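Read through the structures below before going on.
Okay, so chain A shows up in both of these, paired with chain B first and chain C after.
Right after this comes the complex of A and B.
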């Protein structure tokens, strides 16, 4: 009651002075002259027909997630064939070389695995963004799959390949080197893998050239690992770091990494559609 | 549950019939609002269609707290604002589309009414208003929204709406006065 009275007072306040009251009265008469010529019924029907195509399909959330995951998997398998053989061969060579160094050169297995673990993802970014760097991203955007889908699918391929290599080296070392502590090994590769991937994606978003990004990231990583390996004290300090810190760092890096991959996947969006709509259509 | 909310629920369940009912219920109101904003029938037809597509895409986000009509008008207002900011509008406003409109509308039945000087003057007067004043005037005088509702729809406070309405009316009145003076001057000259 009070609210409606207040509202009515407000309505009336526009008519407070005589001039405005007259204006309101005069203009109301004139406003009546502005008729609108509406579209025909056929035209309205045509509009309804167009809009009908946009009607939401009532699907269960789990169905939608399954469908989108399947679509992402399918796109990733397709992109698997489009990734250069140089990428596959060079990375597997690094890991084989690492294994040789551990077994024959008596290198520290933890530090070797740690050093190698982020390299495939860093180099893989060249593959992920190669079409943009070659100036054919616009061409890819005209294809059946959007550029965001392609970027995300390639990231999945590169990330999975990196994981497969890291897991393989862990399995091989745990099988043939009984003294290796498997959990320690996992933390030693998972932490740099996630942290360096995050760092690389951040650099990439600033530099926007994958070759330069890969060079800068590898440079930073080499410097860090060299500093660590070259001095006895730093190795000792590193090996004494509590495992909790590795877990926290991993958790933080994974969270940021997922967020960055999602943003990268939708980075080339020109509209306000959601990431899910853009990437997993 | 109001009729609109029930229709929305049915639309969300995939009912095409409910969609048609809802569109038919609001089509003319939205069309009229857009038409008086952009003053071009073909363009209004396209923009209205886009507003309803937007509505159907965003309908899940309608919380059901306020009336659906207000929610839909907010979409329409924002869509018109987007249009005014768009390249399309900037190019279109540079072109003189008067002859095209004239030829289109000469063929229509309403051409006789188009000749009505008051209406033409009113159309031009409204088009001369800044967009924010135009919105307030149209919502108040053609769509029966209260000042409080207009404030909510346009995202400003009530005193701003009142001031926009006052200024809009004053400008329109001046515009009409000026027109009358010119007319009178012509008559005297004859």
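Right after this comes the complex of A and C.
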């Protein structure tokens, strides 16, 4: 019984092989006789020309970065023209007042510069988020340049203005106060500038109201500097902190700042969107 | 020239557990569409999704075969939006505000200057171009709002309750302006004020509690109300009784009594006369619990 079954299976297998061979042969004959008209060179060129428009161009990473940087610069220049004069004037006034206090009031130049250094960025957040706080964000979200781009370019303007003021005061002090050590001065403004900026952005992402954020940030900063300045011991302790700690703190703050502003730039726009959604509920 | 197609497919939006839009499917082509609904019907949410301010919970919006999410900047470059409550930078002059928005819409300086002048003329604000928008009346602010929406010559113009808070004269002016600029583009006008869309809407979309109830030409929608709108002459004493029993539209005092306009599927009383329905009746038919403005 088993023997006859095995022989039947063998026969079937041979038959299937023969059928496949026959099919192969027939297919070969069909394809051999099938004539495909080869297109002319002009037709090939015309087809390539049409298709080329639909093929996405792979841009180089450097080109993309250049393009984005140029766009950011262009947007920042536009925002520069639309930032309130109150912001420009008030901040420059603080710095001029600081210089007067240093030169005439014999204030400690390092501590004065340290106190003033983060103020423009903190106050600048009112300008950065003015469209959200004044109800224009809904409109700005629908424009060609995204809300994220607008917020980022305003941050760049505010940050750059803060840097310009800090650098300017450093240059003025180093020119007119020979006893001032320029590197110490740079560390004294760069560290609070970066650290307080990070702190302010983190507070802003939670509170979502630039006026409150600015008030809270300045409050914290004022408390910290007051505690520092009021006692001789704390000033002495602060002045003796190793420069390495300033470098580490600066490095950490800059890393977080870049991450917050550039990589998570959308987070602020997104938090505005979430804020708006909550308002509309 | 190809016809524009803006398609809303299975669109839903939830805020927490609250469903604001529920599986909306609509197709828009060139022309004015009046989106009619009571407060809280989901009109503004639909508008905000169409202008990319809000993301839908599910479903998509397609413009000429492409998802607007994919089109991103390209889509935003094609739209103009006038939010329900237009906020402006109060310290800016009308001209400066429009120039600023033009730059955010990607127009170059010369292009923007020409367009701003042209639009200030269109909305009748040329002589106020140097005035701060903070000093403008509600109607003037709305005109600045419509001017900014038109800066990029949008293919899709979305205006959300544009006449809320305007006096009748400003409302008529705004409606005529909208009608004048509506050729070759899709205009979506959301409102709960029926007179806003009278005569200018190609189709009316009726939303109720987040659901699409009807989408049709005004004549067709009104045709469905034939033999459903009645006038009845009653005495003063019967007024309360009729108001409790029927959906009552206009109440007009006549010498011989009070004439009521009643919306009812059946003849309310033997003496009732069928009358020609209008858009207010249509609104009342679908939104009887709401106030007509």
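Here is the rule we use: the second predicted complex is superposed on the first by the 209 of 281 C-alpha atoms of A that agree within 3 Å, B and C clash if a C-alpha of one lies under 4 Å from a C-alpha of the other, contacts with A are read in each partner's own complex, and residues count from 1 in each chain.
Definition applied: contacts are C-beta pairs under 8 Å (C-beta built on N, C-alpha and C of every residue); 3 or more make two chains touch, one makes a residue touch a chain.
Note that this is a predicted model, so its numbers are computed, not measured.
Looking at the shared chain after the overlay, A:33 reaches chain B, while chain C stays out of its contact range. By the document's definition of touching, of the two partners only chain C reaches A:150; chain B does not. In the superposition on chain A, A:134 makes contact with chain C only, not with chain B.
Of the two partner chains placed around the shared chain by superposition, chain B is the only one that A:51 touches, whereas chain C remains out of contact. In the superposition on chain A, A:168 contacts neither chain B nor chain C. Legend: residue contacts after superposition of the two complexes on their common chain; A:78 is shown touching chain C, with no touch to chain B.
Of the two partners chain B and chain C, more residues of chain A are touched by B. Touch criterion not met for A:69: it reaches neither chain B nor chain C.
In the superposition on chain A, the residues of chain A contacted by chain B and by chain C do not overlap at all.
Here chain B touches chain A in the complex through residues 11-14, 16, 19-20, 23-24, 27-28, 31-32, 35-36, 41, 45, 48-49, 52-53, 56-57, 59-60, 105, 108, 110, 113, 116, 118-119, 122-123, 126, 141-142, 146-148, 158, 162, 165-166, 169-170, 172-173, 176, going by the rule given at the top. Residue ranges of chain A in contact with chain C, taken from their complex: 78, 82, 84, 130, 134-136, 138-146, 150, 273, 276-277, 280-281. Within the complex formed with chain A, the chain C residues making contact are 15-16, 18, 44-45, 48, 51-54, 73, 76-77, 79, 81, 83, 85-91, 100-101, 103-106, 148, 152.
Chain A makes touch with chain B in their complex at residues 7, 10-11, 13-14, 20, 23-24, 26-28, 30-31, 33-39, 43-44, 47-48, 50-52, 54-58.
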